[in-house]
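Below are structures written as structure tokens.
Both complexes shown next keep chain A, but they swap its partner, so chain B is in the first and chain C is in the second.
Right after this comes the complex of A and B.
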């Protein structure tokens, strides 16, 4: 694991449609919030890590260079890391590695996206290989829907039961987003609203799907020595796991998703977690689609394979349940993709440091955050704790 | 700035590319012209992959053994797409699917078609998970994946 590493500050923009600011100005906005939260200045930062989706999302190549000054990277080393949707976890891991290695004491990690400035589904379709899959692809909805159909078929989950549980996931996330001042979509929805909303890619409906958001997130990593000096209540990184799989969707079994399963197992091994359902206090899962949240709960060992709908329906993952999932309202209510995986981490940091406001899970001490990316291809997991 | 004053600049980036296919993909498309669907077998793990690979993603060994697979297979999963976006090649609505051809160990992404696609509920009565489908060939072959026009359900 290298040196002990803490998170000493986090920042988020108000996420949503942000035509009020240019991309560089939106990014600077989040840096200012994170620096203030940590109680440091740019002078204290040894290096900067940035990440986004493919550059064509916003139509400027190598965005991290175009706003290098806005992310505070003038006169400092800069790294760009890009793994599609899992970018937010990848850049967090990069910041962690940098400090854990002893090569830096304080690292600023920034994820950002302005999804409303281009055509996000057209951009995501170019993530598919150009020879075989791309002509048939339909961005994220096409892939994720095929995955959820495969999962329900594999585990013989009746369609009505899957539908009911997915609707409950949507209601729960929307309820939670009402408590989150940063969330993009803040509205109450009912089970009937979800089940009667417009079909996007059958059986997935509009309220099963995340919005396209503009937004940014920044997280500041520090060595044990610096963290203890600067921060009253740091969150400690206890485990990180990241795994990839083949680019052709049909080559691995997405109903049991090896990369998600193995990324969590790796993080649990480092953190010494044996029974995640009992030992974790809260989870922030990357859930752009309701059905996917259930697949992840199974991959992360929160429940046996094929049983996530039962656990959802009995309220295990709701606020007040045994393991609350996405008290922030999740990716389902806010998705500026390059920032999203880092927002998951920032939210778990707020939870274990008791700073989550109305969305606080009482007494949370240890939490899991996660992101996935590519053509159902990459998964990253981070465990944070209030204890060193 | 007041809301009505938010201003934008319109921008566009259109760049043409010539992407090399390499030997394995070129050969696969040549076989399609002969109405043959060929995969490659890994000598180490014995898996047959369609589309074929020049190397096995898991063993990292070269794959040099061509194997003809069936023109029929099983629907592993599918999706009804009725969502238009910039640059889309196939006209909506359409059904994309993962099809495991007989003799193959992976899913091939392709279309299921050959019937009225306008109503999703009617499509659901025709396209079944685990159901069998077979390749329908394009009359004119262009040396790409659409030389298979689509897969149709086997009655």
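Right after this comes the complex of A and C.
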């Protein structure tokens, strides 16, 4: 089915607050890192895919035009793909299909966000339609909190147990971020720190929530022929899936989140994965909220519905556990939205190629990356492997 | 290599829609599936094209569009500009992963402010926006340069409006269906000198859906598949002052498309062209860069009558963007119209000559910062 496609290079900026560079300079920084990692130059690139979260964040419409020079796309074919928070996975999928189609051999995919120069909660509120939902939208936390309450209620998870497990997710992600030189928030937190941090939207507390980060990520896709020529250790794309639900938040059951479930199943089907908990070596989940990471673990088939808190509490998803989730520290510690989904992919590429440094999961060969977007509406999943 | 074809297209009527965006989109989407005899479940993948917040009042507009385009729980994605969406859909079919992909572009311009109030947001907030740059201002500068350098006259530019608005009279799917004379155009308000009001595209509602399929599937779905034979795209520098506005990236984009399609003499090989001309003079400039005439001879081209509906190379028989400008959808409209000409289903605006190869062009950004060229063949 189509041509095999590999990732031959990745790049990330140092994420966090970046007043030291302009937005285009930050984007330029990341493509140079990715090109160097792949050992190619811009001349070798046949096409460029760009995406950010919605352009209200940039305050510039059609951001690919603004970043023409920064993304190295002058004189090249360009694709602008954008699906809200899931942009990072969607641009990766576009790069994958572009190469798989045979219409390009090497495609550079760039995602970016400079959240500290925009108003992210105001921007996210404009994702809601202006008639019914926007009037009571309260940015991202309101939506995600309703979802986590729905989930706990649906599966009769006692609130203190949910609280305990969510705190452990936070501690584990923050611990992991200490090993990741690119991460934005790098600090040790304890269970008590999380449980005593200030309430954002009950029961979600400050340390259950991701930061607003500046950052960019670039990933280079290549055909089998080119990848084998250029790259000693490519990571092969084995499966991609993307699904979306209704735009009205209340119309679908977010406690079992069909789009997340089916996007993963689609990717598993392509990759031939039947038991993800056993077969996957590492997962990079888009977890802007601790509770959501647990819902995702259930949707992706890592554990039965309603049992994620038990699995978290026994350490299944910690580093050293059966299926380490977010050894990078995840979205919880770094969230430049338009780049975040692509960072998840880049991190899995580093894992399966053995280049993840201190956060390396020993012997990782096959990994899942993911991003979520819209009003809890879109989910994209990509499976990479060290084997063709 | 796998081949990919357009099997069916559907468009919204050119009038301003009273439907909400969900229903407006759904109706056109439904129509294209009915034409193909397919159900939503039969379609492999759905790609949408929708504006960002500046043209729609919605961030991540595909989140809102998702229901109307029939994408609920289906594989899908979104590219911002509609020619990009079309080509992304082609990638998906050519990759062998999907047999059918439905591409839908939707916008309700009637619910938004004027284009000149929105296009300043193409500019960066530091250098371009504070000095009042918008799409029309850059176009006016481009037009002035074009006239000065090549001796193109204002009348020659105005003739494009007369031609395209004349063609639009025969297209029930276009927005402005009212004949204008050369005098009307020349005496209309100078909006940005030398650009006149009637030389600027209107602002329109428009939903267009295109169903594309793999070779095997296309042959089953229709006896008149329209094949993708060439594609090219190229992006220019951001700041208009950093570029040569009269020699941008269109030649590069067209060159790629012609190379893929094996075309060496576009003037002979192309039977009909749908060119994206939000400003009248741009049709002449783009025609030069597409290789339909020599550099600086766009004026002579319109004078010769070749690009008229009954000429040897009709350009914009649909009426083009000057008659209908659904901003982000306009590229896919060009592609759909080119496909209809190849299928011989353009109705009253079907060109007189036999159409074997058609060109569709789309552009966005100041002064044509990004160009896409698609070659289709019967």
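By definition in this document, the second predicted complex is superposed on the first by the 387 of 388 C-alpha atoms of A that agree within 3 Å, B and C clash if a C-alpha of one lies under 4 Å from a C-alpha of the other, contacts with A are read in each partner's own complex, and residues count from 1 in each chain.
Throughout what follows, a contact is a pair of C-beta atoms (placed from the backbone, for glycine too) under 8 Å apart; a residue touches a chain by one contact, two chains touch by 3 or more.
What you see is a predicted model, and the numbers here were worked out from it, not measured in a lab.
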Chain B versus chain C as contact partner of A:59, first or second or both or neither: both
Contacts of A:78 with chain B and chain C, given as first, second, both or neither: second
Per-residue touch tally on chain A - higher for chain B or for chain C: C
Partner chain in contact with A:130 - chain B first, chain C second, else both or neither: both
First (chain B), second (chain C), both or neither touched by A:103: second
First (chain B), second (chain C), both or neither touched by A:94: second
Which superposed partner A:20 touches (first chain B, second chain C, both, neither): first
Touched partner set for A:246, first chain B, second chain C, both or neither: both
Partner chain(s) touched by A:320 [first = chain B, second = chain C, both, neither]: neither
Chain A residues contacted in one complex by chain B, in the other by chain C: 56, 59, 130, 246
Touching residues (chain side chain A, partner chain B) in the complex: 19-20, 56, 59, 119, 121-122, 125, 130-139, 141-142, 145-147, 149-150, 153, 199-202, 246, 248-251
Contact set on chain A toward chain C in their complex: 1-3, 47-48, 53-56, 59-62, 64-69, 73-84, 90, 93-94, 97-98, 100-103, 123-124, 126-127, 129-130, 241-247, 258-259, 262, 266, 373-375, 377-378
Interface residues, chain B side, partner chain A - complex: 1, 3, 6, 8, 11-13, 19, 21, 25, 49, 51, 57-58, 76-83, 85-90, 94, 96-98, 100, 106-111, 120, 124, 129-130, 144-146
Interfacial residue positions of chain C with respect to chain A in the complex: 1-2, 52-55, 57-60, 62-67, 71-81, 84, 87-88, 90-97, 118-119, 121-125, 231-238, 249, 252-253, 256, 364-366, 369-370
